[in-house]
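In what follows, a structure is listed as structure tokens, so that the remarks can point back to it.
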Amino acid sequence: MDIKGIVSRLEKTDPGAIDRVSGENEITLNFNDFNKAMQTLHDDKSLCFDMLVDIVAIDRIDRMPQSHRFDLVYILLCSKDFSRLLVRLAAGEDNEVPSVSSIWASADWAEREVYDLMGITFSGHPNLRRILTWKNFEGHPLRKDFPLEGKDFDQQFDTTSIEDY
Amino acid sequence: MAEGKTITLNMGPHHPATHGVLRVEVELDGEIIVKATPYIGYLHRGIEKLAESKNYQQAIPLSDRLDYASASANNMGYCTAVEKLMGIEVPKRAQYLRVIMAELARIMGHHLWIGTHALDIGAMTVIFYAFRDREMIMDINEEIAGYRLTPTFFRIGGVAADTTPDFIKKVREFVKWFPKALQGYHTLLTENKIWTTRTMGIGPISAKDAINAGLTGPSLRGSGVAYDIRKAFPYSSYDDFDFKIPVGEKGDVYDRYLVRMEEFAQSIKIIDQAIENLPEGPVAIDSPWITNPDLVSVQTDISELARRFVLHTKGPVGPDKEVYHAVEGAKGELGFYLVGDGTEHPFRMKVRSPCFYLASALPRLLVGHMIADAIAIIGSIDVVLGEIDR
Amino acid sequence: MVSATIDNREISVPEGTTILEAAQKAGIDIPTLCHHKRLPPIGSCNMCIVEINGNTKPVNSCNSPVEEGMKVATDTKALHEQRVVNLKKILKHHALDCPICDKAGECDLQDVVYRLGVTDAPFEPRENPRIAEYSTSLIRYWPERCILCQRCVTACNAIKGIGAIDIKSDGDDGQIVVVDADKCKSCGECLFVCPTGALTENLSRYKGRPWLENRVETTCTYCGCGCQLQLKVMDNRVIGVTTDVDRGVNQGSLCVKGRFGYEFIGDENRLTTPLIKENGEFREASWDEALDLTAQKFSSIKEESGPDSIAGLTSAKCTNEENYLFQKFMRAVIGTNNVDHCARL
Amino acid sequence: MTNPIPDLLKSEVILTTGTNTTENHPIIANYIKEAVTKRGAKLLVIDPRRIALVDSAALWLRPRPGTDVCWINGLMHIIIKEGLHTKDYIEERTEGFDELSAHLEEFTPEYVSSITGISQDDLFAAARMYAGASPASILYAMGITQHITGTDNVKSLANLAMLCGNVGVTGGGVNPLRGQNNVQGACDMGGLPNVFTGYQPVLNDDAGNKFATAWGVDNIFAKPGLTVTEMFSAAEKKQVRAMYVMGENPVLSDPDKSHIEHCIASLDFLVVQDIFLTETARLADVVFPATCFAEKDGTVTNTERQVSRVKKAVDPPGDTREDIWILNSLSARMGYEMSARTAKQIMEEIAKITPSYGGISYERLENERLAWPCPDEDHPGTPVLHVGKFARGKGRFFAIKFIPPFESPDSEYPFLLSTGRVMAHYHTGTMTRRGTGLNRISPESLAEINPVDAEKLSISDGDMVSITSRRGSITVKAWINKRSQPGMVFVPFHFHEAPVNLLTSTAIDPVAKIPEFKVSAVRIEKAS
């Protein structure tokens, strides 16, 4: 289905959910309608975006304070005609983004990764823990204000200080 | 037998059958797995963060080290994504060479899979044959790129060098030889009683579940979904070639095995077509903003010299936009989400790693099976930790 | 305020703003070689040409003010071609020096060549090679790299008010000449603004490459101006000093000490171990030994003659933290107010 | 400085006196030049030497050295007589004006002219120029302070500025130019015998108690200590038996070198902590190797009172340790454990007990430069002091008497010696005379002598001359130019080969204890 069809379909079921349409396969959703619209995208027989390919989080600290700090991009795939849809959501530092792990199982780890590396929290996630770093790791490495060389990189690292889940 | 009381067993991170530093905590009721929790991150190198500090050319070696078992296929993903970002059309000859390298890498990755997977389940013989043939591909890599495992042969805008006569000869030799070798693998496994008993009906996953869990590549196709990016979103001239997407039915370990075995054959078919129809022409675009001037002209031409310096010390500039581009890696949909900001460095590079989602589906695949089958299942989804942890 | 359109973008700037500045403010980058933030417009490189109101005769944007209702195009095909022609004129005799040039890697000329994608500008040797007239013991002039942008001459006049150098312009044979060698204080303002490697430091030649260096933002250690500068560091060695126009009271300027007086940092005569004098001769000692001796001497003198028999001199060359710690040491540990420094000298 | 440096661009008149700004503060000289050439400011230079600034000056007065109080009073006399002073400002914000104006009666132009050697016309022109501008700023440096009347000179300049309403306004002020990167900071941090950090006086019991509590010690430090010059005389008398010198070279920098060497020799124990084996370190019993600015973290406070960061760029050479580590280890060995171990922790401690540094932290300094007073975290700093109201309430005028310098030229020592710096070198040359670069520019000490005198003494350019005072004699190369006025010679003090401080006198200002470097009587002879 092309972008026009997707937009008109979504407008019918969730009016006002779409904030902006950009390019051939990208829509931006409003924060408040996000969860419902995502459910529709998955459930609706004609849309049928049944695979969540990936979640990308971008730290837009350079565009603050004009816009929210984070951009989340959900990459969806329809298994019928293999069409891709990018769903964008702007999230502030204090926003709790509704989890979509109950809709797509793949969101479980994807959201954990975003939480771990970017520090965005998801409400309704069953198991929101760090995934690539360890339990008592400080900071979120992919944020732009996290130094590349890490914190205290010049000091001897005590491996016994790592707490595992 | 007294049910209800369970034992927790820790597999990995240093376990030969987890194919890297994957750790799975399994809870056993007798021999049956009732709960499985994978832990990852032991190989986390921060490749996405590192890429933000490199220029677009410099980040290519980082992509080699994602799924290091099939390095060129990752190059393909990264370079085509950057080219999409910059709006570059790569010359036909380079596209064909890239296809050859990527398909050879796929075969290399599958070699590692078949060898270790069979070894894990107890079929010792296959790995020796698989590694014998893998060695031939490494020699081809060495011939054209100088490196064997991680050739870093791709460049933004093309490939690093043109072919050598030896390269063509070696690829042709391999294309001629490999179907025979593949037949050998089949002889050893496909109808082997022990092999079929250990794999048939083990770890099945339905198409719906596989899609929901984000499985891609051979593991998804084993469940009967014919999703292959080479066909769904063709790139690098894949629509020039005649090949099929093998699919399974039941989505169990055996079906995934069969899919990969057929992929060997299809990849050889693609390589054969590509090497025989290799177009003439340059192997990289000629753009003053992307490619290096040749070494002769920099000695006489100040503009070429200056540009060469800028390209080496700063690198090509990426425009201020975002793209998602995915290719069919050896393990599935390998995607790169690139955010450019008008500088020489990507503002953000996100790797959509197929193995990450394959590993995330492990609990669902393992529960209800015997502990011995866990080895078969982990082997069948073919994860490489370099790509999971990045 | 005047309003105008640059590349279809509405802008509104104070009267008298040049088109180039207005464009930069709006985030439109016009290539230029002679314009510098600290200097008045020069208009020698003809890179910043723009088209105004569709008029095909281009004008230099660096010295044309924005006028009400003006429509400016900064990047048309014709402009690009004209820029390439102008740049090739500059490149014609530019030496093939990048591999040995200190500036390579942070050179404005290289950047513009890359940006415009210029190819095919073969080097032609000059009929009458230029002679390096201007040169001090700290600043070296490479005549064949000079593009006669006149930034250095303007900086010497406008920032320092010295006017030690000038351009002798004679078509292709123009070059920098010395007006009055005695006036030159080697402040290095000229080499700071030089867009190419035509003026380089005589000290740090061949010590490091810009893309290999680490730059550390710090404050100058000499007089009380508090100039902000960056130390160029490679292999644990300070190999040069540079500045940032936007930082600090100095706005990118430095004096001869700040710019060239860094050699003492890695000097071989630096003290590297504690010394203890025995029989009128110094001998090297360990830290434990030296500290123990000092502590024991201070303690015994304090015991015998009271804390006021010990005095301390701290230093205006040390940081605030060290000064604080020193007076705390004298007051809290020794117990005397006998602490002073060289503010009077 | 009461005002930030860029404020100079807003001044209508800039009065510089006792500062060779182009040589010693070249960056400030840039601002002066920009103010003059682009902003139409007028530059008024009052200096005995023909310094480079004179080229841009609208008016240059050349007083005899050591007569500063006299000409300042003379200017004020004219200003009051002509009614050019700002009456509202004086009325509203100052006190003591009547005493001042009564005192100024005797400083008539004729009298001032006879003492200072400045023509009456010039005095009138200068007074009208300064008083006619609003705002006008005053810049001065060691040429004003290094006299036995140093404090008086500064007070007089403050009188002049207040008289014309130029204190506490943008573009005005009385601005001392600090000669070293952290003189301001060393004073702020309590590196003085009579105050703790932030100028909290040791005589104040509350302050004493506060610091005793903060440091966890019993004594309350009620008695001010000795100043540099007093320390050395006390050492001679065996009242001071041990000294700890961190990063100073008093043998070269202090007046009367042989006296200092004698005093140091009478010490029982001397510790020197420095980056090079300086002239002073050679006399020490123990020498600690120290780190230079590129090898440590910290902050410095510049002449505008702005605090900025110093960052570590390279590792220190050999077994050298950071000064903080040395002080911490030494005090631990003497039974006192310092709590703060890194520069950042020390700054936190400073902020806690120093009101004017209260809001300064490393986090803030990453992005901004702060001028103290900055009492809390949200305070933006105070670039201009005394806005609206003086720190002490009302600005006070002081009636200052003119006192001639300690030494005046006589028949035996007919010349007047002044010391100072040249551009390429710095202080005792410990840093700038290493390496080749700066030494190529200025390889040796040059005594600047006026051609008139040179002819009389039959000295030509480049001759070696010996300069002798009552305290010693040095041999330097002569440089004949018109920078010095007849009867005067200028010698820089960077060079240990020609240590000019052998000649200078130990006469000091009674309040600030600053030595009179700028005026000594000497004799010049051609060296054989």
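Points worth noting:
Labels for the chains are A, B, C and D, by order of writing; each one numbers its residues from 1.
The rule is simple: a contact is a pair of C-beta atoms (placed from the backbone, for glycine too) under 8 Å apart; a residue touches a chain by one contact, two chains touch by 3 or more.
Since the model is a prediction, treat every value here as computed from it, not as a measurement.
Remark: the per-chain Cα centre closest to the mean position of all protein Cα atoms belongs to C. Our note on geometry: chain B versus chain C, Cα centroid distance of 48 Å, whole angstroms.
In whole angstrom, the spacing between the mean C-alpha positions of chain B and chain D is 70. For this pair, chain A with chain C, the centres built from the Cα atoms lie 44 Å apart. Per-chain CA centroids place chain C at a distance of 28 Å from chain D.
The multi-chain contact residues of chain A, meaning those touching 2 or more other chains, do not exist; every residue touches at most one other chain.
Chain-to-chain contact here is organised linearly: an open path runs through the chains from one end to the other. Under the touch rule stated earlier, the contacting chain pairs are A-B, B-C, C-D. Across the complex, chain B is touched by residues 88, 91, 94-96, 98-99, 104-105, 107, 109-111, 113-114, 117-123, 209-211 of chain C.
On chain B, the positions that touch chain A within their shared complex are 39-41, 44, 46, 48-50, 52-53, 208-209, 211-214, 216, 225, 227, 232-233, 322, 324, 326, 333, 335, 337, 339, 341, 347-348, 350, 352, 356-357, 359-361, 364, 389-390.
Only residues 287-289, 293, 298-311, 313-314 of chain B touch chain C when the two sit together in their complex. Residue ranges of chain A in contact with chain B, taken from their complex: 50-54, 56-59, 62, 73, 75, 77, 79, 82, 84, 86, 104-106, 108-110, 113, 117, 131-134, 141-142, 146, 148, 164-165. Those residues of chain C that touch chain D in the shared complex are 136-138, 158-161, 185-187, 202-203, 214, 216-228, 231, 233, 236-238, 248-250, 253-257, 260-267, 269-277, 282, 287, 290-295, 297-299, 301, 305, 308-345.
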